[in-house]
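By written order: A, B, C, D and E. Residues from 1 in each chain.
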Amino acid sequence: MTWVLGNLPLIGSLTLQHLVFALIPVVIGLVLAIPLGWLANRTSFGRTVTINVSGLLYTIPSLAIFVLLPAILGTQILDPVNIVVALSVYTLALLVRTVADALSAVPPIVVNSATAMGYKPVRRFLAVELPLSVPVVLAGVRVATVSSISLVTVGATVGFGGLGKMFTDGFQRGITEEVVAGIVVVLVLALVIDGLLLALGRAITPWDRITAAAGRTR
Amino acid sequence: MNYLSYLFDATHWSGSQGIPQRLVEHLGYTALTMIIALVIGVPLGAWIGHTGRGGFLAVGLANGLRALPTLGLLILLVTLIGLGITGPLIALVILAVPPILAGTYAGVRNVDTAIVDAARGMGMRGREILFQVELPNALPLIIGGVRSSVLQVISTATIAAYVALGGLGRFIIDGLAIRDFPQMVAGSVLVALLAIVADLLLAGLQQLLVSPGLQVAPAAGRRRLRAVPDSRPAAQAA
Amino acid sequence: MIEFRGVTKRFPDGTVAVDALDLTVDAGKITVFVGPSGCGKTTSLRMINRMIDVSDGTIEVDGQDINSVDAADLRRGIGYVIQQAGLFPHRTILDNIATVPLLLGWNKAKARRRAAELMETVGLVPEMAKRYPAQLSGGQQQRVGVARALAADPPVLLMDEPFSAVDPVVRESLQEELLRLQGELGKTIVFVTHDIDEAVKLGDKVAVFRTGGILAQYDEPGVLLARPADDFVDNFVGRDRGYRGLGFLSSTKLPLGELPTVALGEPAPRGEGWTLVVDGERRPQGWVRGVTGPVGADLVPGGSLYDISSGSLRSALDAALSSPSGQGVAVDGDGAVAGSISADDVLRALEGARRDEAAA
Amino acid sequence: MIEFRGVTKRFPDGTVAVDALDLTVDAGKITVFVGPSGCGKTTSLRMINRMIDVSDGTIEVDGQDINSVDAADLRRGIGYVIQQAGLFPHRTILDNIATVPLLLGWNKAKARRRAAELMETVGLVPEMAKRYPAQLSGGQQQRVGVARALAADPPVLLMDEPFSAVDPVVRESLQEELLRLQGELGKTIVFVTHDIDEAVKLGDKVAVFRTGGILAQYDEPGVLLARPADDFVDNFVGRDRGYRGLGFLSSTKLPLGELPTVALGEPAPRGEGWTLVVDGERRPQGWVRGVTGPVGADLVPGGSLYDISSGSLRSALDAALSSPSGQGVAVDGDGAVAGSISADDVLRALEGARRDEAAA
Amino acid sequence: GGGGGSPLSSGSGGSAAPSSTIIVGSANFTENSILAEIYAQALAAKGITVEKKLSIGSREAYYPGLQDGSIDLIPEYTGVLLQYINKAATETSPDDVYAALQKALPPTLVVTDKSAAEDKDAVVVTKETAAKYNAKSIADLAPHCGQITFGGPPEFQTRPDGIPGIAKTYNCTFKDYKSLDAGGPLTIAALKNGDVQAADIFTTDASIQADGFVALEDPKSNFAAQNVVPLINKAKATDAVKQVLNAVSAKLTTDELLTLNSTAAGPTKPAVDVVAKDWLTKNGLL
């Protein structure tokens, strides 16, 4: 505990930095995933492409993508843009699929009846299909967020900030307490944000639990 | 072409630091991890799914473990246990178990209650229901979990190199230290290829193992997709 | 009025779902499309609101070619009700019903007022307004579906097997409700079902399709049962159709006979025959025979009742057949005993109706 | 024989699903449990094979208390069929059917031979053996469900709304099939439905439950229709029960009349009356009246036919009511014309039956 | 630049941070981080805006960053830096190396005054190994190299004064090479548990004392003089900045460096900025 108590400001600033690195990509990824997921859901070709490309992106080790990106983007080596772009790509890859799946799981009968009532496609997408896919998409966002929080730590091995520094520094200097503290903070951070997302989801989809419960009893 | 130069240099294809050696090491870590993870994840998931007890635990555990930063864990374990394969192996197993556990649990849990009811009504006992009905029907989700687990382990085994182990991660860590891009590209490409090949093999295995009856599209309506903690590419945890 | 003129639907895979259909749906009436599975009922229906495009021929709604209007606008003016209601699971009942008014640009308060009004019309209690569809039974969901289709007061209503997912008892009450509503509203309704009973019960006219989207017969239900155009229709309308056909013959000319009655609590009449026990308002309670002392206990339950105010030969015959005494009980609109009917009289009336028809 | 003795089921949440049920299910007969939703039919059924535990009272199957046997063993000796069949999606049709024999330890070849045999019994072509449930229609799946339950030749069969998920036409053919099968096999069958028509059609005896798991009436279907025990049952059996009740009165005493016939292609008879047109095997083709020249075209479709070999008063009456001539066509087992019947004669027969019963 | 194919070696010269700010970087080992903290805090004390990006990695990783403006200032070591820039360099004495370095640097970079503090790479073995081969210097070990697995950071394998240098200067080719870290916990653990028999560890490392390792002498000067020196972007090297850095260099000695390292490795594991601050205060530089 002594190390932790003596270094609270450091932990605080690393946490803040960590959050920025971890969360901005989730937002970017989600914003891009919605139109792409919609597109992917429209044709079977689109789906195939999406599934394969996102699967492929996942196989690239995060460590590699962090250091290879400057070469691809022409950014500076320690530019935080690299980590943000890298994690955005991962998030996007995960969420495009989720969005496509979620949209395809919207009961066709509901979409159909919306069309029959005179909804035009864009309004129908925004008022019916998108809200109905929120529960599934949100589940994906939760996974993406937790992963993102965990992945940022890898950046520390290449000199990016964030809580991963506590691992590398603690390791370098043999401060076990710092490593443990880092793990705990990352874990707590992930679980807290996951909990917040869960609560958010419940708040914006009041119908979902009711519908789910009804589905089980039938 | 330039970026791939390392891969196509014959001198990198032999010796104790050559590509074949690293590939074998990487495969070894992956295989060892998966065997342990399967032995833990499948029975546990099946038991929880079958009895319905501890479902909260399964989901919570899967989520919680997913939030554990593998790098931190790896470092902590190496600090505590010392150098060697044990630390990284534990870290990788912890990474590999959640998708398998969640997949098995969800697979068993999601078997249509009417089918389980029918099985019971025909006089099947608990074990018979589990082995003859629940597990065969859960197989697609179980293998789904295994596939996502394998992907993550192959990808994450690279950071074993950070604590002085071998594997394809060596090319990335060593390349990084001397800013040798072709070497890092070589490592990344090999990892990606390995992952793709492994995934294809598992997809083939899935075709073989899963009953054709579960692969034909059901006559009526798509099943509603629930927001269960999914077991598909649950992102790398590295 | 809806006019199909030489309408054909050919799907890209070559299936001809509807073949050169000529048909006029009367305004203000219920027209039922019926036929075996895959005969093109749904396709015919969905071409009306352009959910499916016509391959050949034209469809006119109230004299206007449906292709001359924007599809979304056309649909906003046509109510559409489908099986399992197709309600929006993420919106409350009230908001589900208010959907089309809001699409048409009504303000929120007005749309909701209208929705609340409609909930009453279709027989849903106001407490349900804030619930979600999943919290309703199948039958209630169907009511919401109907209310939603009626919200913007469209002149035309398309209903595709709206009641087929609910159980028989609820189904019957939904059918009654629809007939009552239609009595008030007088919409032009096209109703699809594969159940001939439902078709015969609801339709002012019934169109029987055969596989391949060919119209086999288009007639009033009574005619359909009495004179099926061919073997296909004959087979399709099935057994019991003689009896069911009686439902379309009016019973106004049926003579009522005398019926021995005794009020509850009074002494039982002597003799061998059956006596009907009635209450203070002369409503039938059961039958007695050969008992002594005041009647009250030991009543033999009666059969079905024949309501002279709304009756057909069918209910008259059933009343006679189901009565333990062989005398059917005829009641008036208030349920009071009006007299007796005999099965023989029903048969005479049927013969009369046959003769009239042959003469016509 | 299955005996319920004072059986009560109280669920942990306090719901009393079945209340002090005393009931004897006859061996070798079909007993139907019917009643509104939630009245405890399923619960009563599932207590028999111990899928649900009895709270109070005892159930005996063939004189043996079900609690004296191991639950799984008990179930292996009782066939169980549920709605939507509950087939194993991962097994072929053949293997689905062979499930219980294999559980009982039969060798694989024998179990499969038995399964193939049963596929034929329930009317499934051998090509389906290698298919999976998802490749079958709902009706075919139900047949597999029945075959599976029959596989180990259990003396008792429990069926919980087995046909309620299929469409009316298929449903009817499944019902016929079940009756045919039962004719051959003579199982003790308990059948749950909420459809009174199905109950009356299939049951040797029908138990009507009311909400709260209380037995309202337990009788043969004819008795149920003719003499409902109380208003609840009266209401539940519904309208048309007089007519439907005729289905349980034998028509053997019904006199057959003469019927003027003419063979296809022969010159039409003169005169005003209706003449029935028959083919070479004297099977009815339609009616003619007032035509000249050889008969062939312009036949008026006939009504439903009355089969004297298996007929009841119900089909006899409907034949008379639905015939354009007013004369119902009676045919023999081969479909050849046997004579005519009139509605009046049916009414006489009904009266006779009433009198016999009153005398008894 | 580093490995031949790097797209960054051609200098992608991105835009630098606001000209008034100095971005201080460090390599990924503790001593370097302390030194970076010392520079940063000393500069900040004189009112110069600084930003810190510590523990970036090896020279190969951060050096391109100095060129593209990701960082402006980093603590360096004269000998290795010289060899990094000019593989053919042969100078070994502190002043020669410093002079050569100044000439070799690209026009965008400068070094300010070197300090007296030296921290060299050294071939380090355990006491037992030293005793077994009776080795005091690398030359003594040379005949036995074939039985020895050497451990060090990945970059040591390719650096001119690394494995190639040892091989050339002492005719010593090791049996195998194990990539570890820059004299960090991996290296020390590997040396301790026998995974490697010799390792690259810095002369100022506290563990040499603590774990009883033996740093072999380097009689043929394979490792050039390694004076700590600030390497800085020329555009940022204003007189005020140079003055601060020179003041720091003036106070730094090898002993001071040892003290700094052992303080940081001490039981309380103080944060590097605290270690730096204490030292600056003690030396009146704040």
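By our rule, contacts are C-beta pairs under 8 Å (C-beta built on N, C-alpha and C of every residue); 3 or more make two chains touch, one makes a residue touch a chain.
Values in this document were obtained by computation on a predicted structure and should not be read as measured data.
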{"item": "Neighbouring chains common to chain A and chain B, by label", "value": "E"}
{"item": "Maximum centroid distance from chain C, chain identifier (CA atoms)", "value": "E"}
{"item": "Chain whose average C-alpha position is farthest from chain A's own", "value": "D"}
{"item": "CA centroid of chain A to CA centroid of chain C, Å", "value": "53"}
{"item": "Inter-chain centre distance, chain D versus chain E - centres from mean C-alpha coordinates, in Å", "value": "93"}
{"item": "Distance from the mean Cα position of chain D to that of chain C, given in whole angstrom", "value": "27"}
{"item": "Chain centre separation (chain A, chain D; CA means) in Å", "value": "58"}
{"item": "Chain E, residues touching no fewer than two other chains", "value": "6-8, 57, 61, 64, 181, 185"}
{"item": "Multi-chain contact sites of chain B, meaning residues that touch two or more partners", "value": "3, 79, 173, 176, 181"}
{"item": "Overlap residues in chain D, where contacts from two or more other chains coincide", "value": "none"}
{"item": "Which pairs of chains touch, using the document's own definition", "value": "A-B, A-C, A-E, B-D, B-E, C-D"}
{"item": "Parts of chain A lying in touch with chain E, wherever the complex brings them together", "value": "2-3, 6-7, 10, 70-71, 74-79, 156, 158-159, 161, 165, 168-169, 171-175, 177-178"}
{"item": "Contact footprint of chain B on chain E as seen in their complex", "value": "1-9, 57-58, 60-61, 64, 153-155, 157-158, 176-181, 185-186, 189-190, 193, 195"}
{"item": "Residues of chain A defined as touching chain C within the complex", "value": "107, 109-110, 112-120, 123, 128, 131-132, 205-208, 210-211, 213-215"}
{"item": "For the chain B and chain A complex, residues of the former touching the latter", "value": "3, 63-64, 66-73, 75-76, 78-80, 151, 154-156, 158-159, 162, 169, 172-173, 176, 181, 184-185, 187-188, 191-192, 195-196, 199, 222, 224-230, 232-238"}
{"item": "Chain D to chain B touching residues, read off their complex", "value": "49, 51, 71-77, 80, 82-92, 99-100, 103, 132-138, 148, 158"}
